[in-house]
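The letters A, B, C and D name the chains in turn, as written, and every chain counts its residues from 1.
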Amino acid sequence: MSVKLALIGAGRIANVHADAIVASRDARLVAVTDAIPAAAESLAARSGARVMSPDEIAADKDITGVLVCTPTDTHADLIEKFAKAGKHVFCEKPVDLDLARAEQVVAIAAGAGVKLMLGFNRRYDPNFAAARKVIDAGRIGNVEMVTITSRDPGAPDISYASRSGGIFRDMTIHDLDMARFLLGEEPVWVSAHASVLVKPELSDIGDSDSVTVILETASGKQAVITNSRRATYGYDQRIEVHGALGVVDVANHHENTLRIGGADGYTTAPLMNFFMTRYLASYAGEIAEFIACIKEDRAPKTTGADGVIALKLANACVASVAGGRRIAV
Amino acid sequence: MSVKLALIGAGRIANVHADAIVASRDARLVAVTDAIPAAAESLAARSGARVMSPDEIAADKDITGVLVCTPTDTHADLIEKFAKAGKHVFCEKPVDLDLARAEQVVAIAAGAGVKLMLGFNRRYDPNFAAARKVIDAGRIGNVEMVTITSRDPGAPDISYASRSGGIFRDMTIHDLDMARFLLGEEPVWVSAHASVLVKPELSDIGDSDSVTVILETASGKQAVITNSRRATYGYDQRIEVHGALGVVDVANHHENTLRIGGADGYTTAPLMNFFMTRYLASYAGEIAEFIACIKEDRAPKTTGADGVIALKLANACVASVAGGRRIAV
Amino acid sequence: MSVKLALIGAGRIANVHADAIVASRDARLVAVTDAIPAAAESLAARSGARVMSPDEIAADKDITGVLVCTPTDTHADLIEKFAKAGKHVFCEKPVDLDLARAEQVVAIAAGAGVKLMLGFNRRYDPNFAAARKVIDAGRIGNVEMVTITSRDPGAPDISYASRSGGIFRDMTIHDLDMARFLLGEEPVWVSAHASVLVKPELSDIGDSDSVTVILETASGKQAVITNSRRATYGYDQRIEVHGALGVVDVANHHENTLRIGGADGYTTAPLMNFFMTRYLASYAGEIAEFIACIKEDRAPKTTGADGVIALKLANACVASVAGGRRIAV
Amino acid sequence: MSVKLALIGAGRIANVHADAIVASRDARLVAVTDAIPAAAESLAARSGARVMSPDEIAADKDITGVLVCTPTDTHADLIEKFAKAGKHVFCEKPVDLDLARAEQVVAIAAGAGVKLMLGFNRRYDPNFAAARKVIDAGRIGNVEMVTITSRDPGAPDISYASRSGGIFRDMTIHDLDMARFLLGEEPVWVSAHASVLVKPELSDIGDSDSVTVILETASGKQAVITNSRRATYGYDQRIEVHGALGVVDVANHHENTLRIGGADGYTTAPLMNFFMTRYLASYAGEIAEFIACIKEDRAPKTTGADGVIALKLANACVASVAGGRRIAV
């Protein structure tokens, strides 16, 4: 029997998720809602879903899960609303920029007995997931040092940046979750540096564009994250995990596999330049996970609690930069 | 307005093409037929098409094109039938193993004024196509030497091999077409060697599993093809084009982008092991081309005539091995 | 006219330097001294040098330069002795583990009007030097973030480690110098984490084996260093410099260029496992620089002052780990 | 006790060999001769050897081996002279361009009981030698197909080309020997194509600049060689050996290990552009082999007989191009 789902929001990422649901043999997209009626109607038309209001979706007995794909500041209220209505909830990160509110809605979802899955999509990237399996299989021994490089092709608009919670809560948070995923042990100390090298206007709103973070676990494992809001060569997304017996890394995705040689040397293509192209498989993977955990009645691999921990780490980064100190988490 | 298409055959490759048609915004799959009714019904059910007989398809005024995805020995008759019915025809290679019959149906299609596109899918691989663009842009200068390496993970069943026309007409033919695509000039001389190193039973039916071919054009450009029916490391598909000003090559596709280092060195994944996985994008590309050339009323990039030339080159390979001579084409 | 040189010490690295001097057309090795007479005699026999005492070398008017290749705790006194004797001095890093003493001998050498070159050999590696030239040529624009990965194949003996000044002053110091070389701007802030994951006995002497460091310059450029005293896959030595217009990286050196493919994937060789093999060209390069700067009467590219700054940065790393703070340098 | 050697010829390659002899702990260069006295004197001065006449060298009881590094047309006479004088002979390829004369001097050397080593230096390249060891260790199973790509950065002068015996005997001959080395079984059939694409003047002297060769052994193993006298991207030297259980390849040597990324993609360095730089280690290796086989009184790994076989294969290539036929060897 198909899992019946509704999309809350009909923007860019909602359309990506709609494709994944339509392609699934285990789910059906039955409803979509959006503050902009035309957006909802367009998505509905091409996917076979109906346009409904949020209240209608909450009240619909057939719908077992919703995907919250709306602006960040609406996440908490929508999770609360649909959790109380008994719907399983998939939500794009973050739950909320305010830690207390995020913890509150995680508790609400738990109390309501529904699943709350958070969209840390990168864990579902086939290559990063394969790296985790290599670690689990013991091929590199005890994990000692994790290196995560993540650079965006360009800086966000100031209007977006000012609502985003800052680079640590908006961009680094994905890498903080990835560090947890790869370390296999919780970080207890955080040191961070941040500066503005790319977009001077970010200084005016107290944000940064170039940051480095060290995470350390209780047993002394370390993870290093470097982020930049600029990379002329494309969307730079790499991990490396060094262990007692070896090392595993995941390379970047280039636009093609050509190599051209000439008098000036050999040239290969730049990196895929857009997160939705680079992470296409991971977006499909997270939707498959949401459907599967509903079908199999099990907890998702990335929960609201993971969102809370990542937010705490991001907050620690902010505090470390401000205080010039290593911060205990 | 959508191009309305029918699938003749409902096997493995027909299902791949059905997905491409369903995903297209410019075409609709309206009919499917197969000698095995259950296969046709299953494909129809999941794609929204109707099961029809070949005659019904031929007679249906709404259907403008058909895709022939049946066994090789039925291709010529089906092309003839549907061409005469005024349908544009996409056909998997080869048109026919008999050169005269192949030339005949190409002429029939031309006489009927319909497009006959042949499924040399590799030309639509984004990487090979990009290599062609690099050449066209003059980045490597005048093409001088082409190297094509093509190795299957394993040898075919004897039953398949005995109906296939032999390795040159079944496997090398793809590389012969690719050589033409990359040389940009017709080969006029062919030398070939062939041996049985993988599957001794192939000797019994006069076939080979390990072959090398040299093609030479009138201006002296050369192409080398090496084929094997065995590759433990996956489906090996590489090209390299050396020119007066430089070189361009296309690398293999690995199963993932991991690299694992340890005391014995660094390991990367084997190659994608299945032609439908490796060439997924090229299959989608050729269907997009068929739809586009109907919509835009233009000739397809790979026609029945290309199939005839590739077959002539394959026949020349057979003759070269048999006669120990360079063969003029 | 040849530059006449003397080797102070006849151990492993002295022998490497002797080869470089013998191969040079601009210099001659005329004397060697060592606390172990047999070592000095052996090196003298194979290189054409004479065994002399340190005092004889200091008094010899023909000798214009000496290379100090003795244990760390003798460096400062030997530099002082030979500088006062008017000899140019090449010294393996560090000048001294005590910052005040290091600054003192740098001042003594300056006062004596002799060149004091410090053996930060990696700056003379052809690949790292080429990376610096790429930066100088403006190809990656303004430098923003430097990543240095440096892992030894194995941990040192405790007896060595206990005299080494600890991992930051013994191992990281090379990377701190490399960070300065690549940043092109002095670090003013340092944060470091350190733990013992490889060799538990290091805890007993207050040392570590796994460390990460963030350096930040006044303009906000950042460098990240990760070090481990363990790497099963060989001697791991990589740099990456990300700038406003691009990125440049230098890859590891593998034992050979083979790649072996099979059912489990593709394997390449482990990394060169020994610093003298990996950095053979850089050792030759630094000796060539010492000879050239004597011949051309110019300052060496790596001076005693560079050793002092790197030591300050190493001390800041120690202080950051101890105090849990970002340290101003 | 040191092996005492003499250099016959004092040109470019003789100087390379002189360095290898001087660096050896098992040999001494005692004499050098050259038609140009200044060349001999210059080499003698820097290496500690004496200038002697060919007759003096032949008569000198202390000299046990000579290295013939003179123009090709003098090889046979010099081998004969020194073999009859009881000296072991190392000779640059070829023994002679005339097959009968080559066979004759090989017989003379055998009759005189001296070793005749031929300078097929590439077998001593550490990477190609390692590939052979991988094959011997059974890691790729039974060898099935060998691919050798060899491209010179530029075409030779017509004056050189006209004395060289043509591309097959001058350039391809190295690859023919490499094919034998990697196949581990003698080729019995040869097919070749040749054309002039690079330097039109080569047509006037009946030579070519772009050739492809197929070799086939009695058991059906195949080797493919592609040669060009042009490669803007450097000196292209690659091998690949495909076997029943896997594949091994040896990559090209680039000028450095940098990679530069930017908006147009990633660039790596061109290939080392000069055969003496690319094959530096193999030249040292062949001299070490010559010294070792004298010292250990054993046959060299590459003998005059190997030269004869390679020449027969080169002649077969010429015959195949001329006759349009597969040639039996």
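The working rule: a residue touches a chain if its C-beta (ideal position, glycine included) is under 8 Å from a C-beta of that chain, and two chains touch if they have at least 3 such contacts.
Treat the numbers as computed from the prediction; the structure is a model and nothing was measured.
Taking the mean of C-alpha positions as each chain's centre, the chain lying farthest from the centre of chain A is D. The interface with the greater count of contacting C-beta pairs, when A-C is set against B-C, is A-C.
Chain geometry summary: the mean Cα position of chain B and that of chain C are 58 Å apart.
The geometric centre of chain A is 42 Å away from that of chain C, both derived from CA atoms. In chain B, 232-233, 245-247, 261-263 are the positions where the chain touches two or more neighbouring chains simultaneously. Only residues 142, 144-145, 147, 149, 151, 189, 191, 193, 195-198, 210-212, 214, 216, 219-222, 224, 226, 228, 230-233, 236, 242, 244-247, 324-326 of chain A touch chain C when the two sit together in their complex.
Against chain A, the residues of chain D that register as touching in their complex are 232-233, 254, 261-271. Considering their complex, residues 126-127, 130-131, 134, 139-140, 245-253, 256-263 of chain D touch chain C.
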